[in-house]
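What follows is chain A paired twice: with chain B in the first complex and chain C in the second.
Moving on to the complex of A and B:
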């Protein structure tokens, strides 16, 4: 393990993904075809987008468990509105507004009411799903109405033979990267995640930055939701009460974004997404049962975390510095 | 051999910096031994070596005439040495009796059993504490009784008290002293660390004074008086060479009154204190840890909030201000440079350039919503050169730097904000000697440029070397003011201790 000392978790996971790729390519004849590889990336692009949303929050030392619930309900409501005869662009605007307002509320709960993010978003997730299911939607599954068929391109179209969701994923990643690196707000977000007290003393508006995290997460979540709905021509709100949100966290943590905040970037999300994508695709080709897939995913996550703890241990000596 | 515990030529180094250097210390059987010294004199480290909490880098520990190596606090406890900390090590959600019997090697405790045993045990010590009470509901004095009871329960022959009276009310202090004498009657030996000289003179049999990690003097209490102790605590030779003489220094006059604080209060820590800071000079604030100096500064800078009622008034250039968060204070030009850079100073995963640039952005020096890499580099380079930060390049992460260079980055992040008033809280804590001189030079330059500078320190030579005016803080209040070149270590220390 010591020999791995100079490797980051990101590099370890990337190496793991490459190894898996090589393994599958040798073992599975259908794996290394252009079609399958495109399919692979396409299948995880939504997970990747949600990963970017979650990643931004986690870099800011938060966590957003309401991400998937909000995505499902806001997009399902959008489809419902279109089905009810609201013009498409107006319905999208309303769905987006619902998503952003809810994100703002969540952010305020964390930043101003000072509820720990994990509880605030857990409660909000339940609330959003319940509220949406009771007040906004008639059925669990809302199908894409005829009036919204233009949207289908977003999920099923191709550009030069490459599926559109891949472009959307790439676009979200690029925006996230530029945001974190080249904007004032992005620097503030990393600073708040790295050291909230220091950020406060430096004069960074810490609370507004925390609210912004959840607004961004709801915005990207809405985009991912639209792509999801377009891909399968419907939105199943039951995804809100599935374990999907944990898959998103898996991608983020696996990629090496530390839950303690400030660490990592968009590249980590991409690496995490790749590994999960390769793994899921290979297991699907091998026709491994869904429940067994969960076992394997869990083991991979634990392995990555254990390796990270061994390779990058917390420095206990530094804690004793002022201890005279 | 009369000593129950003896340290011979013990040295403890933290990353090559000695906290305790070649100290020999003997505790006689059945005595109360007071250990005195300034903050950072090495008292806690010395006692922690005895209690097995830290391991000496070199030197020997003898217990009961045997040479021993203590691996952990429970090893020490096994040999009858217990330490009672300032912040208690009790479990707040358990009852008194559960805490006392917590570390017994038994799988099960019958609650009824330990309550009855606890009741009898506490009574035998003459402690009026209910064994079934939850520890969280107890006052500071009672918690200390429980800690002591636990130590006695473990047949402790040596009990070390680290600042036992700091958090006690006068009534509780009285109880504590009678307890110490009862313990002494039982034949227990006691080491007593304190800032309060009168208490030491009152209850100790012998007194040891430490300074700068070294042993100064040990003698029977009757050989000391207050003045002699203070002289032993501050009289340094080493630091005199490093810092030079302060009396032949030119003292700066007061400029415009930048900050005026009146009747400021915050909880228990800041009690109705008043002071002013002027432009173009350095105002040094000396106080021991817990005297409320840091808290007062943090209230001024908006890091902490003062009491809502009767909280007092803060005026910046004559204008009353009340900050709920630091951001408006930073925008108004009040910058606080923290005493604990690791916890609230810098951003460890970000580069030097990003750290400094964040300061510039937060103070509104750059208005744009995007970050120009060129501009960020330029600002970083300017400050890295100005403060002589030693790093491979501006992209190095701050966590990789030495303590002195980390401090310089924190200072750069503050100064880039163009302050009117800078508050340096322990500016040279954990900083190497070379960097200390550079930071002092920088602080002097700031005052020469006409900025109001406030330096908080518990290191007297630093205060004397830098200050044009010296304020002394004691028990949450500024109690005395000196002119920089008139004061000397003894008078200041005399005002600061109680």
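Moving on to the complex of A and C:
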């Protein structure tokens, strides 16, 4: 442990990913082909984007369990609007607006009503799914209509042989990095996540910053949703009640963004995404049963949380009563 | 009295404002709101759905509730200890599939099946408990992960056994009895959950283990500091939770006998909603089996009724989400603001119309003078707050002080003093009993006796609880003054039942009849309330006929007489109803009249405020207590009066130079000894023309 003490969690995870890569490359034929590697990155780029969204919230000492539900419902609604004859750009604008408004509501519930983020977003996830299914959508799965053909490029197109989703992922990562590194709002976000009370005392508008986290997360979520829909030419809203959002948390926690907030950055998300991508890809190639994959992912996430707890112990100052 | 005054008076007589605050102080109000929600839900769906209250419908609902309720109780136990268990839904599904596999495929006997299934649930709980309790992981995420893992395990089992489960028919009457049988006229699962709810309730409220759980949830750090094994307690709650969830799974298996892929999916959200809706706090410390039961019934009815109304699946999760959000929001805001609301509404002034104050000038019997100016000071600066003064047969002075001591000053020069007894409360009124022991009213404690050899004995600290009182008025909060009847019965006043000792000015702000007079009978050891709804009853003094006593109501500015014996037994008569100040202790004078101390004088502004309850209420809510309008208690006087209410003389220290602030006086051998609750001295005044051999003891007990 002492020898490992010099390494950050990020470096350890990166090392693990590289080791896994080497292991798979030796053990699995067909793993180390350009095609498979591009495929690998492409398949996790959506997860990575969601990871950036989740990462921003977690750095601000929150958590967004409604991320996937909001993504699914807002994008599915956009597609359905297009299918109903609404012009594409208008439909996208409406879907985005829905997403942002919902994000704002979630943020207000956390910041102003002071519901713990974990419960607010859990309930919002259920609520958004129910709202979408009851009021907005007719079917579980909404297919991409003809009128939205242009969108397909976002998921299936390539630039110089590299799939577009990878570029989108890279763009989102870059924006997230610049936001955290150079903007005042980004600094505020980290300050609020590090120590809410201190941030408030120094005059940072803590509550608006918390709302901003969830708006940002819903914005990135919508982009990730569009890419998802474009990749498979449909949006399955049942993903909202699946365990997909926990994969996103897995990426974030695994990458080394402490759940107690204020720590980590976009690089951690990339590293976490990489490890998960390699893992999922390898398991798929090895043809491991889906349920077993779930167990493995669960155990890895559990281990990640255990390590997170040991590396970032919750001391009695930061651990508050009712902080669960 | 003007019309508006009359209306105000009736308004405050008819609407009992103070009950709102008192209800808010009760713990059961936490259950009242969920109960109202439950009744509302019952009313709405009962009217929407035909035959909702039919026996088939109710039986079906009750049987499902048995399973769901168990899960909510499981979650509640974890929540009370400050954690959360989202894996209950998966554990429930695991219990279901394991039980089915064991009974149908492995064909085990029913007890073995139940035992093994419960062990499986306990194992899942143990994993959660070890991770959350001992490794101190975050409960929410940890149990989410175990939810996923257990769900994946259930899916694997399903793939393997679902076909053979569907094909098999377990050959056991007991098994079908679990699912379809009735016990004592109720479905079996209902019997199970009622039994478990009662057990859990008893454990949480009556046993050491339960108290440990509540303590850990209330404040983990404090629980650790008092030596509670926090980690073990937390771990055990998860184990119990796993056991109960898997038990629910067994009941479900026996009822439906089929394993589906969607069993228990989303159940954690419904259970969480139910638990919070019932009033169990997220973050722990507040929760009970009753709350879990109320919440689970409410959610059960909502979910079930939506299905019966044929609403699509989306509406269900929409509604659950909204209810969960609302319940959590209310819970958070309620916990945060309850004490603020309480402090705002608890003080509820009422209309008090005092008769016009007589003048204190000219030919008035209350006219100002300087007769207290020559008092000789005893113990100046060496005593802090002698509320009452009393002298024994040897002329020693006894006074209570602010630090809880009864101090004795030795005759004849009173230079020497000693602590006669340390009470620990605030010694107020005193009286010597026939046997020479000293009876003391101790604020915050009750009625006590200090024997001649200085032993302190409790006589009483509670009286009968009134049936219709919302706050528990059996405990004595502020025993104030006492006197002893010839047969030994002790009558003492309790100034207020709504406030603690140090909040007495707030009681003035209310000026409601919050006080009472209580009788302690040493012959039977019983304590009974004899007079209720008095406005800060204070001084009590036996009249010379031995059948009645005089009592002063401080904020009522009056002195009345109560007969506890004789032909007029049980009646109250006014003696003086328009004092110019606030009366405190009353004591006998040597010539058959009585002394009363006026602790402060009435002022026109306070008198006016007494007729404006709304003004006082706004004052109490909006400005700091330091800024409130208080009655004057800086200047007062001593009055001598007779049984007919005639004022014989008034003693003032005009300007308060030698003895300000008077709460009591005691005549003894031609001298008057004066005490004051905020004073730092005892005054001794030579009385002219009074019997120089008279003492209280001779007057009461005929001793010399």
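Assume the second predicted complex is superposed on the first by the 303 of 324 C-alpha atoms of A that agree within 3 Å, B and C clash if a C-alpha of one lies under 4 Å from a C-alpha of the other, contacts with A are read in each partner's own complex, and residues count from 1 in each chain.
The working rule: contacts are C-beta pairs under 8 Å (C-beta built on N, C-alpha and C of every residue); 3 or more make two chains touch, one makes a residue touch a chain.
Just so we're clear, the structure is a prediction, and the values are computed from it rather than from any experiment.
Trainee: With both complexes superposed on chain A, which partner does A:292 reach: first (chain B), second (chain C), both or neither?
Mentor: second
Trainee: Kindly classify A:182 by the partners it touches after superposition: chain B alone (first), chain C alone (second), both, or neither?
Mentor: After superposition on chain A, A:182 lies in contact with chain B alone.
Trainee: Is A:25 touching the first partner chain B, the second partner chain C, both, or neither of them?
Mentor: Neither: A:25 stays clear of chain B and chain C.
Trainee: Which partner, chain B or chain C, touches the larger number of chain A residues?
Mentor: The larger set of chain A residues in touch belongs to C.
Trainee: Taking the superposition as given, does A:124 touch the first partner, chain B, the second, chain C, both, or neither?
Mentor: A:124 contacts chain C only, not chain B.
Trainee: Answer with first, second, both or neither: which of chain B and chain C does A:115 touch in the superposed model?
Mentor: second
Trainee: When the two structures are overlaid on chain A, which partner does A:200 contact: first (chain B), second (chain C), both, or neither?
Mentor: first
Trainee: Looking at the overlay, what does A:139 touch: chain B (first), chain C (second), both, or neither?
Mentor: A:139 sits against neither chain B nor chain C.
Trainee: Which residues of chain A are in contact with chain B in one complex and with chain C in the other?
Mentor: 321-324
Trainee: Touching chain A in the complex: which residues of chain B?
Mentor: 14-15, 19, 40, 42, 44-45, 54, 301, 303, 325-327, 329-331, 336, 338, 340, 342-350, 354, 357-359, 361-363, 366, 368-371, 373, 403, 413, 417, 429-430
Trainee: Mind listing the chain C positions that touch chain A in their complex?
Mentor: 82-84, 131, 135-142, 144-146, 148-149, 151-153, 155-156, 159, 219-221, 265-266, 269, 272, 281-284, 311-322, 324-325, 328-329, 332-333, 336
Trainee: Can you name the residues of chain A that touch chain B in the complex?
Mentor: So the residues of chain A in touch with chain B come to 181-188, 190-191, 194-195, 197-207, 262-263, 317-318, 320-324.
Trainee: Flag every residue of chain A that touches chain C in the complex, lowest number first.
Mentor: Chain A residues touching chain C: 109, 113-116, 118-120, 122-135, 137, 241, 243, 246, 249, 253, 259, 289, 291-292, 294-295, 297-299, 301-302, 305-306, 309, 313-314, 316, 321-324.
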